[in-house]
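In what follows, subunit A forms one complex with subunit B and a second complex with subunit C.
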Partner chain A sequence: MSTLYQLLLKLDVSDLEAAKSAWESLARKLETAHKDHRRHVTGPLANWHGDSAKAGKPVLDTLQGQLEAAHVDALLIATVLDTAAVNMKQAQTDLKNAIKSAEQDDYVIDDTTGQVSLPQWLIDAHHDPDQATVLPDYTKAMTGHQDKINQAIKDAKKASDDGEKAIGDVRAQLLDEEDALGQTAVEARDVAKHLGIGPYGIPDGKDVKENAEWWKHLSHDEQQTYIAMYPKQIGALDGLPAVARDEANRLLLDQYLNPAPPDHTINADQFNKQQDGLRALKKKLDAADGAPKGRELYLLKLRQEGDGRAIVAMGNPDTAKNTAVLVPGVNSDLRGAGGEIDRINALRSSARKIHPNESTAVISWLDYDPPNENVFDSDFDLGVVSTGRAKEGGEALRHFTEGTRAAQGGHHSNLTVIGHSYGSTTVGAGAAGGHGLGADNIIAVGSPGMTVKHAGDLNIDPKHVFIGAAKDDPIINNFAGASLGSDTRNDTFGARHFKVDTSGHSGYWDYINGQPSESLTNQGRIITGEPITTTPARNPDRYSGNIPNPFPNVPQGIK
Partner chain B sequence: MSEAGEKGKNDPLPRMSKEHAQDWARDFTKRLAKVIGKPVNSRQPDVSFLGCTGKNGEEATDDRYVMMYSAWVTIPPEQHNEAAKKLRKTLVDQGYTITTERTYKPPKQSMILEARPAKEGFFIGIESAKTNGGYQEIAIGINSPCMIPPGATQSPQ
Partner chain C sequence: MSDKLGIPPQDLRASAGASGRIARDLEPRVKKAVNKSKDAASALKGWSFGAALETSAEEWETALGAMRKRIAKSEELLRDIADMHTWNDHDIYRTFSGDLKR
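Up next, the complex of A and B:
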């Protein structure tokens, strides 16, 4: 029987490498099968209703989940084989180097055990009086050589054992389990632990250009492995292509929807609320799976913590001629994902109707924590809301728009950022900070203030700042100019004002008598660079002293 | 988006499948294109189904929807105003009420014509569309009222 020493010397990892390639090839086929199933099977059947749909849809959904889980598992197995092959090959190289170094110094190495002995000439010189002088040094060096050989054998054994344990983490019977996708997250974590590998190489995310460059230089298989093992980190990296982020976040969404093990850090109500939000998002994403190019959805970020966060794009923002980002306001959470996606669809549709040959991508950006207040409650006082969350969100928004530019590379999309309600405060804070949002246009609708005194403070030509204000918008009428910035309706703000024919605080994307409202059409026109219908700004002097302040406790002016 | 249940929020909604609604819209656009003597061009129509929302953005939990359908006709800009006149007459003859009508002379040379049906029916929004740097096409938009597919249960709002 061969010893470990002999096995390592003779080791041929080409079988392992071939097996790794075979699993990667299988992973690619499963990736294609999963995507095809989404686009060509479940996608077109999103509107399938009735008894047969009730029976058939869960079967198709399960099959789709199994394809996704199998894809992740094939990538995990390829990673285990690759890591084992690389580590064992490294151990073999270390062993050969140790042998070479010892032999150069005339030491004798046993072919069976790898035992290092003193040079023969030194042993033969036992009558030489000098031998006693040099013997301690040679003995010490011999121990060093032996340690290196032993370490190489130990490393090879560890690589083999780790690989065996990690392969055991990928469970063959997984596909029979209901929470298979949730289990893939556990598998990925355990595999990483047993292989002693972490999210090495993933940039810290701060530099969006560095993120984009890093991703560009990975092979397709490497990208797929990062997505399978670290979907949360990859899905959140601003600067990465929308397609990659979407793939990572959809896997994350499926893992969140099949938690394994259940999260005991939150109570049942919080858990149910999170799951409701995630399901609402999933339903909307699934319904668009068969959508034609330009109306496909990309999930650009996902978090389940708290009220949940999501960034969803309709159309690919990396390649679109026009890109718009819509930032929602108070009381937004994942459960309202359906309504937000309808709004971005209405904006996209409005832009496309008048520019049918231009691609327009519209993004719903909920990646901050808006105040959770019922703005329609008569007791609600926006004055108590500070600019704190807007500033925090504004920074994240700025990073996102920088990332969108980085992902676009040389292609410069006409970028419009739209803020609604407290979302406009967030847009204002983001634009006013750093070097601004890098947007070509900024729109604020239903705005209680944009944290600044003047549109010129938003790091953009004020001619490209547009304000939409419904006459009966209670948020504007009660809170504009209070604690969140000056009143954007006023001529002193210095922006352009487009015609609004809708009513209330939430109607800016409404259809009136079956037609897109002027409020909506004007936003579509701004996104595509078309002329808008305008309305004069308000002259605050005309109103001064005439309007009683209904909220005397709310400090007026800018903080 | 549409205002769900403006008349009475729990009135029964018109029932039509999404496929059927698209068929109707396709037929409408062909007929309107015929009025101006041009075919609907080969670009794939843009079809979106949105949820019906309430005045304060409330979303219904059932399967109610609004369809927005756009198709395009290629027609030189100098013929847009004449096309608007023909379409207006046809729509009025068929009982539609014109809700918006605007025509612009050169250099802006373009038009907008919007109409609503006498009773229940689809809304029509026609306007000049820009391609190749000028208004070389007319977009015909067909928008449905808030509807619900056959077999789906209408939830009280």
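Up next, the complex of A and C:
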């Protein structure tokens, strides 16, 4: 039986490298298989009904999850093989260098054990009086050579043992388990722990151009490995391509939906609320799996904490000619994801109706914590009339639009940012800060204020700031011009005012008699750079309160 | 089985076809990955990692093979549902246009 010294000397890692390549190749095939299954197997079966569908659909969904889990696991196996090959090869190089160095100094090394002995000439000179003089130095140096050889063997053994543990973390039996995808998150964590690797190299995310450049210079296999091992970090990086973020966040969504182990940091109610939101989002995403090009959905960010956050694009914002970002207002959380996706669908359809041959992507951006206020409640909280959350969200929005530009690279999409309700306050805060949103147009609908006095304060030509205000919008009528900025309806605000033919606070995307409303069509016109139908700006005189107050519970004095 | 499928049988056949392609396309890559793992395990004989790799390769060969079979079986079932629906529909058509018409 060979000793570790002998094994390390004759080690050939080319088989390990070949195995790593084969598992990467399999991972690429599983990645394609998973996408094909979504688009061509389960996607077209969204409307399949009946008893067979009841039994068949969950089975197909499980198979789809297993394909994704197998994809992640194939990448983890490739990572284990690669790390073991690199570390064992390094140990072998260290060993050979140690041997070479010792032999250059005439030391003798045992072929079996790697034991270092004093040079033969020094042993033969035992009658020479000078031997005693040099012997201590030679003995000391011999110990140094021996230490280097021993260290190399130790490193190789550690690399092998780490590989043994890590390969055991990637369990094939997982493919038979219900929560296979949730388990992949645990596997990735354990593999990283046993191999002593971490999310090194992932940028801190602050510089979106740096994020984009970093990603561009990774190989496809490296990108896939980062997604498999760190979906939360990769999915959140502004500046990365929409396709990559979507892949990472969909994996994260599946892992969130199959928590393993369960999250004990929150109570059952909070957990159920989170899961409801995640399921609503998943349902909407799944329903679009078979969608035609341009209507496909991209999950650009996901967080389950608190009320949950998600950024979802319809159409690819990296390549679309026109891109719009819709920022929702109060009471928005993941459970309402379906409604937000319906709105971006309406906006996209409106733009496409105006320019059928132009690609338009529309993004629902819920990456801030909007106030959760019901103004009809008696326990109304003044938080909703503060710009605090808007400013916090505005900064994140600015970072996101910068990232969208970075991901587009040389392609400059016509970018329109739309804020609804408190979302317009967030858009205003984002636009007013730093160098602005970098948008070509800004739209505010149902706006209680944009944190500024004048459209010219939004780092954009005021001619490209558009206001939509329904006459009977209760939020505008009660809050505009109060604590969230000046009344955007007034001519003193300096924006352009488009015609609105819809009613109330949430009708700006409505259809009237089966046709897109003028409110919606005007937003489509702005998104595609076409002229709008206008309405005159209001006289700056404040709403006088002649209309009965629909919010009797709102404390007096905040109007 | 309910005869209200909600989608045309040809959509089920298209999905079945896609399932079949996925199952077939995976086979050579699975085989190659497993075999290369076994080769690497042999090359690492004497190291702890070698033995673990051998076990891993065998387990993944079984698991991925079983998953492929399940996908192939789903192709079969989707085709069966489409065929049965078409057959039922055709049978009902014949009944209406034949026996009941007379």
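The rule we apply is simple: the second predicted complex is superposed on the first by the 529 of 559 C-alpha atoms of A that agree within 3 Å, B and C clash if a C-alpha of one lies under 4 Å from a C-alpha of the other, contacts with A are read in each partner's own complex, and residues count from 1 in each chain.
Criterion: a residue touches a chain if its C-beta (ideal position, glycine included) is under 8 Å from a C-beta of that chain, and two chains touch if they have at least 3 such contacts.
The shown structure was predicted, so the numbers you read here are calculated from the model rather than taken from an experiment.
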item	value
First (subunit B), second (subunit C), both or neither touched by A:G50	both
Which of subunit B and subunit C A:G338 touches, first, second, both or neither	first
Broader residue contact with subunit A after superposition on the shared chain, subunit B or subunit C	C
First (subunit B), second (subunit C), both or neither touched by A:A132	neither
Which superposed partner A:L63 touches (first subunit B, second subunit C, both, neither)	second
Partner chain in contact with A:L26 - subunit B first, subunit C second, else both or neither	second
Touched partner set for A:A74, first subunit B, second subunit C, both or neither	second
Touching partner for A:G507 - first (subunit B), second (subunit C), both, neither	first
Shared contact residues on subunit A - subunit B and subunit C	47, 49-50
Residue numbers on subunit B that touch subunit A, as the complex places them	1-3, 17-19, 43-44, 46, 48, 50-51, 53, 55-57, 59, 63, 66, 68, 70, 72, 99-100, 114, 116, 122-123, 125, 127-132, 137, 139, 141, 143-145, 149, 151-152
Residues of subunit A that touch subunit C when the two form their complex	1-2, 4, 7, 12, 14-16, 18-19, 21-23, 25-26, 29-30, 32-33, 36-37, 40-42, 44-45, 47-53, 56, 59-60, 63, 66-67, 70, 74, 77, 81, 84, 88, 156-157, 159-161, 163-164, 167-168, 170-176
Residue ranges of subunit A touching subunit B (in the complex, touch as defined)	47, 49-50, 292, 294-295, 336, 338-339, 342-343, 345-346, 349, 352-357, 376, 503-507, 509-511, 513-516, 530
Touching residues on subunit C, where the partner in the complex is subunit A	1-7, 11-12, 14-15, 18-19, 21-22, 25-26, 29-30, 32-33, 35-37, 39-40, 42-44, 46-53, 56, 59-60, 62-64, 66-67, 70-71, 74, 77-78, 81
